[in-house]
């Protein structure tokens, strides 16, 4: 018989993920801070809106929240109702150190913990093609893998608790640095009379290419379309978690450190609710030109 | 009738490029600082070893040299023998400003100039599949395009004289920053117990991917194979040209500026003759770990 | 009647400070991790070597230890013996956040806490002319001020608990950046034929002067004397605390962030036990020159 | 008999300097781009307003202009009238490489060149107490020293042609980094509840002190007085010359490089005509606080 699932947090990612769980045959309870969203989900996807107390009864509890602080808060509220043998799967782009504390806390109740952040954006969430990077014990990972396959295509066990969050943070920090550096370089080329479309075509056939030059900048910046799919404030938060990963690893990392600083500038000057690619508007302002 | 071609500089890139020109039916004169290399080329590829004076008679003169300084020196030596109506195509990873000076100098003799740096590595040079990024007038570009098609697959006119070198320098600077940043991030993950092979697999299915994470680091760093195909000293030189492009564009570009600084450190500490990917050995030394 | 004092930690700074307290008429108990040092102190300065249990009976307990972690450990060990109404004065170059935790912990026992890091070096400690920057309540500060006057000349209340440590960390971070930046600039001048003595004389009569150019570099670097009075590892630790102050203040601070990175490099390449001014040996190595 | 002097450029520094030359008994011709300023100077200080042609007849020609480009332009215009045996003393905060070109150019005419930038601000210029840092031959320096003593108190021969400008640029770059770093640190302390006046008092009694913490920030920033004595655009230009000094010295200098980047940001965001200390307004904006 299929395990019962609860899903806490029906944001842009969580909403379609919870839908996919139900669709794959896992009876899914859903909870959201604003209850109306949960009811809407129930009628749209056939899930069941539930209280935190009821959600605590599930075999596998998913959380997908803004930060690890909200996860810790829900764990505290649900503590009296959680039961031994269940598994908490946290898909938040969270903080490795905070996750290790949550895992220790849950283990006292016999609840296993996996950090399982995802990548692939809202499209991947809707199509069930996310990449899921999982930290935690091998055994728990294997137990939950069939459930995770309902939401993602590439399900990878990456290390002990916290490793999933660490890897997600580093991935997003690389996204951030590749995007920003390409912005600096393209702004300089534009000021010297090179068409950024031509520059991107050449770079993407050469060694300087990255996801930023292949997808983000052509689709969002050059077109001036700026679709808002991943907020600058959230990317900056993720890069901030990347800085904690560096703190924990105790190594000089000047380029990634400076990357956080420029995103902090961009978040303040452009605004946290802009799309992450709009960080390049700060470079454009400094350069007095547009990458277009 | 096919134009006559001369090729100056038979290094790792120039040698196979000159061979491909001859193979495509362009009668090719070759010259190299050490004459023996030219004779070897003649017997291997059917080209003709020639003096600079003879090379100056060609319709299209290619140069492929370490830096723009060597190009300027050859232009000065060949000046008395160059003839109006010919085209000089410089495939060196050169300096835009120096190229603009050379172009002005040649234009007094009626010789047109194109900067035409390439990307694709020695494999691309051998297979004739290079990307060629060309700066200069549209008209000269169209005139020489059939010759360039003998050495590359993607021949792109990117802007006025200097634009080819500027774009090449920016491409290589992006390569440098993407590589170094990935090194910092992976070293931090390794120190937190994540296998770099797993980390790379996830990043390459996610938003942080770049040519560095997809190709360079898996093939060169993780394997400890360190094939020496593009020297650290040469990449650092190219990033230095990228800095001149930034100077000319007059914009703040803190991340690319810092990238040059760390490569200058790596060049000194690891050595200019190491492969460019060996720059990450400096990060490994700082971190006290190996990305493997 | 004069309050009874205990002093925990007889290192390069603590040793003379405890001596000065006794000399000023405060009956002083001394404790050190290696007991022999305490006995030596007792016979040299007339203090009394004591157990932690006995030290806990004092009215004012000073600690002067490598990091806040050692302070927290001693607080935990002495907890059963501490008594309400006493004051703990921590002269460690400590961490503001850790100090706030220790202060909360001690307040449960009725023990007040001041963070009171010092500056002035071993000379200032011996001569009783230290600057003491004190964080904590105004009332506790006024109560302990007469005792502090035995060890320092400038006793300043700088803010709530943690403020002393924050200010000390920022001061030392400014020392670090001023020193390193001057090293970069002087190395460049030397490579262009300027005598660093002449350069320093001019800078010190101009707007670029700092304690680094006025004292540290002339006395330690140019002379190649490198007296070892403040270890590079300790300065790097202090700058690391400066980074936590930045974390807590949530602002972009690219120049101070990069300063920490270069000191982390120097600590690894030159060694943590070298004098802090020897960080400039890394710049000299990169530059291929000596600032002398 | 006293040599005849010409002074080209009657800006905030040049105006009082030319006055002091006349006052010291050197018959002084003055020229300014806007002729009215020269006439005003003549009636105020007893100098003689002159054409460039007449100025070229002087024994010692001073220039004090915005950049080396303006110096080169005047040299070109005055070329036909300059005479062998005279000395050109350039007090501009100029570019070492440009100065070496100007010196070579003038030497063809038998005119010696000294680069002689000054520090001490408008007050020093008015009181004749400037520091003058002179590059050029020892012999020329000794010949002109008595004239220089009319404008400055500390006249120092610092090296060959260009060395004066290099040292001035490095001094101002250290001013820039010390000022900016102190701004970052103080903003962080203010956000943690420390009064910046108290913080500065402690820092200035400790190892982190610099001209920025002792004078600039207390007088300009904390008071919100922002007197406009040295424009942000000019300091940024000087730091830019510092970057050329680094280019010429070929060494990694990450901290000074980043300093230029943040001043370029500040120049754009705060405006080039603000006082240089107003650069800290950008830090304040990022931090959401005032250093006051």
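A, B, C and D label the chains in the order they appear, each numbered from 1.
Keep this in mind: contacts are C-beta pairs under 8 Å (C-beta built on N, C-alpha and C of every residue); 3 or more make two chains touch, one makes a residue touch a chain.
Since this is a predicted model, take the numbers as computed values, not measurements.
Peer 1: Write down the chain pair with more C-beta contact pairs when A-C is set against B-C.
Peer 2: When B-C is set beside A-C, the one with more contacts is A-C.
Peer 1: Answer with same or different: of all residue numbers used at the interface between subunit B and subunit D, are over half used by both copies?
Peer 2: Counting shared over all numbers used gives more than one half: same.
Peer 1: Can you name the chain that lies farthest from subunit C, using the mean of each chain's Cα atoms as its centre?
Peer 2: B
Peer 1: Averaging over Cα atoms per chain, report the distance between subunit B and subunit C in Å.
Peer 2: 51
Peer 1: So, what's the distance in Å between the C-alpha centres of subunit C and subunit A?
Peer 2: That gives a centre separation of 41 Å.
Peer 1: Out of subunit C, which residues touch more than one other chain, so two or more?
Peer 2: Touching at least two other chains: 251-254, 258, 261-262, 264-265, 268, 286, 288.
Peer 1: Quick one: label the inter-chain contact graph as line, ring, star, complete or other.
Peer 2: complete
Peer 1: Within the complex, which stretch of subunit D touches subunit C?
Peer 2: Subunit D residues touching subunit C: 96, 119-121, 131, 133, 154, 156-160, 162-163, 166-167, 170-175, 177-178, 180-182, 184-189, 191-195, 198-199, 201-203, 205-213, 242, 245-246, 248-256, 258-259, 261-262, 283, 286-289.
Peer 1: Can you tell me which positions in subunit D touch subunit A when the two form their complex?
Peer 2: Residues 254, 258, 264-265, 268, 285-286, 288.
Peer 1: For the complex, give me every residue of subunit B touching subunit D.
Peer 2: Those in contact with subunit D are residues 251-254, 257-258, 260-262, 264-265, 268.
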